[in-house]
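Data first, discussion second: the structure below is written as structure tokens.
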Amino acid sequence: MNLQERIAASFGAQGLMTTLGARLALVQEGEVHVVLPHSPALSQQQGFMHGGAIASILDSACGYAALTRAPAGHEVVTAEFKINMPRPALGQRFLAIGRVLSAGRMLTVCGGEVRAYADEGEAFKVVALMQATIVNVKA
Amino acid sequence: MNLQERIAASFGAQGLMTTLGARLALVQEGEVHVVLPHSPALSQQQGFMHGGAIASILDSACGYAALTRAPAGHEVVTAEFKINMPRPALGQRFLAIGRVLSAGRMLTVCGGEVRAYADEGEAFKVVALMQATIVNVKA
Amino acid sequence: MNLQERIAASFGAQGLMTTLGARLALVQEGEVHVVLPHSPALSQQQGFMHGGAIASILDSACGYAALTRAPAGHEVVTAEFKINMPRPALGQRFLAIGRVLSAGRMLTVCGGEVRAYADEGEAFKVVALMQATIVNVKA
Amino acid sequence: MNLQERIAASFGAQGLMTTLGARLALVQEGEVHVVLPHSPALSQQQGFMHGGAIASILDSACGYAALTRAPAGHEVVTAEFKINMPRPALGQRFLAIGRVLSAGRMLTVCGGEVRAYADEGEAFKVVALMQATIVNVKA
């Protein structure tokens, strides 16, 4: 099983991603994308997407980005993350991008953002920015 | 509508809380509790609760704690939060506690934790720690 | 050399603490205090204490609090911290308190605050709140 | 007084930057650089630069980057920041780069990094990564 297959299998085993309706969109060395369509089932009280849903897909994107750089025989767990939400998560589709910023033996630092698309076009607004610390643990 | 009713109504309007199965458990001046039962639908790949689900209920608890201290005629939005997850979110029931640490005119700082209960007893383990910044915005 | 002596020696070897004029005030299991007198040499542009000076003493307090709980034969390094500064750091004396919130085998999570005292009395205002992740590394 | 002069004057009024030996190196729309030479007076206990010194220059770089985008008649204050330190701050010279990631009416989110240079060459290692929230306040 190569890395892409391994990550696809792991993502598929995340009950929360299925519940939210999120989909793995890209896996490459040091970068992973997750897509989430808008749904009222994921809203906060004003009808925008809840920050927790946005944080969830970005956490998964960062975690799997870290996994692409983890030493052989290791899994990853998120030790902590920090997320800014500079504007309401308003859109039809949300793209979470997680990227490795620094990969150590034990800890990986990832940066991420969530882009909100109002329609099928290319234009987007950044609705979330994350900095996360991921731990390599022996599988 | 008093503050408890207002927060209950707002919580009820959060689609994500319903989707996750979360319930408002306590509202008092400066402190709000949210309860979430374990569900495989909210798991990460190893079967623990996904950090995103844990972050979601703690974000809601902190946001509503901030709302109990917001000036009249204001709503709140989360500007950012940081969450540590010191151990896997393993348990039957999770209690998110959000507390106001400092309330300013424009910004409120909240602290929060999520306690995991293995059964109906009193013993718990802290599986998440949050520090969040909430903005007061005119309603 | 017991833990208090070991931490006092390590603190004394931190050039920055001497440069800032900071002093170790308390070392106990899971909690360390650092005191810093006000100085114009540590100001930001409006004359308040610079957030960097406040963060520095709180980082040291949290790091040494973590060290009190580190396994034998281990040093600690700060992996990351997050700090809120809810009000200007205005006062004659600043007390940084670092506390262990969760101690794991590899990572320790600490919480901390800085209290500003206007004079010799007991009243203070909290000017900073920190949540930090400290790594245990073999010495 | 143009923006560059205004920021230079403000930086010059920060006692801490003088005490640390830091120097403003670049000011442009949305990005500010601060340089700090290595000094034993800024060390932690093992002789590396203390995380607090690194955080201080990066906080200043991010704050002034935010100021380049603040509405007229406004000052900025740091509400909070989060910093990762993926490796020891070992080097002869440190370059802090603060950049605006998102500028709102009230809050600005900045990203930053500190690069460590071992000598006069171009090669560097990233020793710190920051995500900061800056508030616009009426001057």
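Order of writing sets the chain letters: A, B, C and D. Residues in each chain are counted from 1.
FYI, a residue touches a chain if its C-beta (ideal position, glycine included) is under 8 Å from a C-beta of that chain, and two chains touch if they have at least 3 such contacts.
Values in this document were obtained by computation on a predicted structure and should not be read as measured data.
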| item | value |
| --- | --- |
| Of B-C and C-D, whichever chain pair has more C-beta contact pairs | C-D |
| Intercentroid distance (Cα basis), subunit D paired with subunit C, Å | 21 |
| Geometric centre distance via CA averages, subunit C-subunit B, whole Å | 28 |
| For subunit A, residues that touch 2 or more chains besides their own | 79-80, 82, 84, 107, 109, 133 |
| Category of the chain touch graph - line, ring, star, complete, other | complete |
| Complex contact set, residues of subunit D against subunit B | 79-80, 82, 106-107, 109, 133, 135 |
| Contact set on subunit D toward subunit C in their complex | 10-11, 13-20, 39-46, 50-53, 55-57, 59-60, 75, 77-85, 88 |
| Footprint of subunit A on subunit D - complex, ascending | 82, 84, 86-87, 101-102, 104, 107, 109, 111, 126, 129-131, 133 |
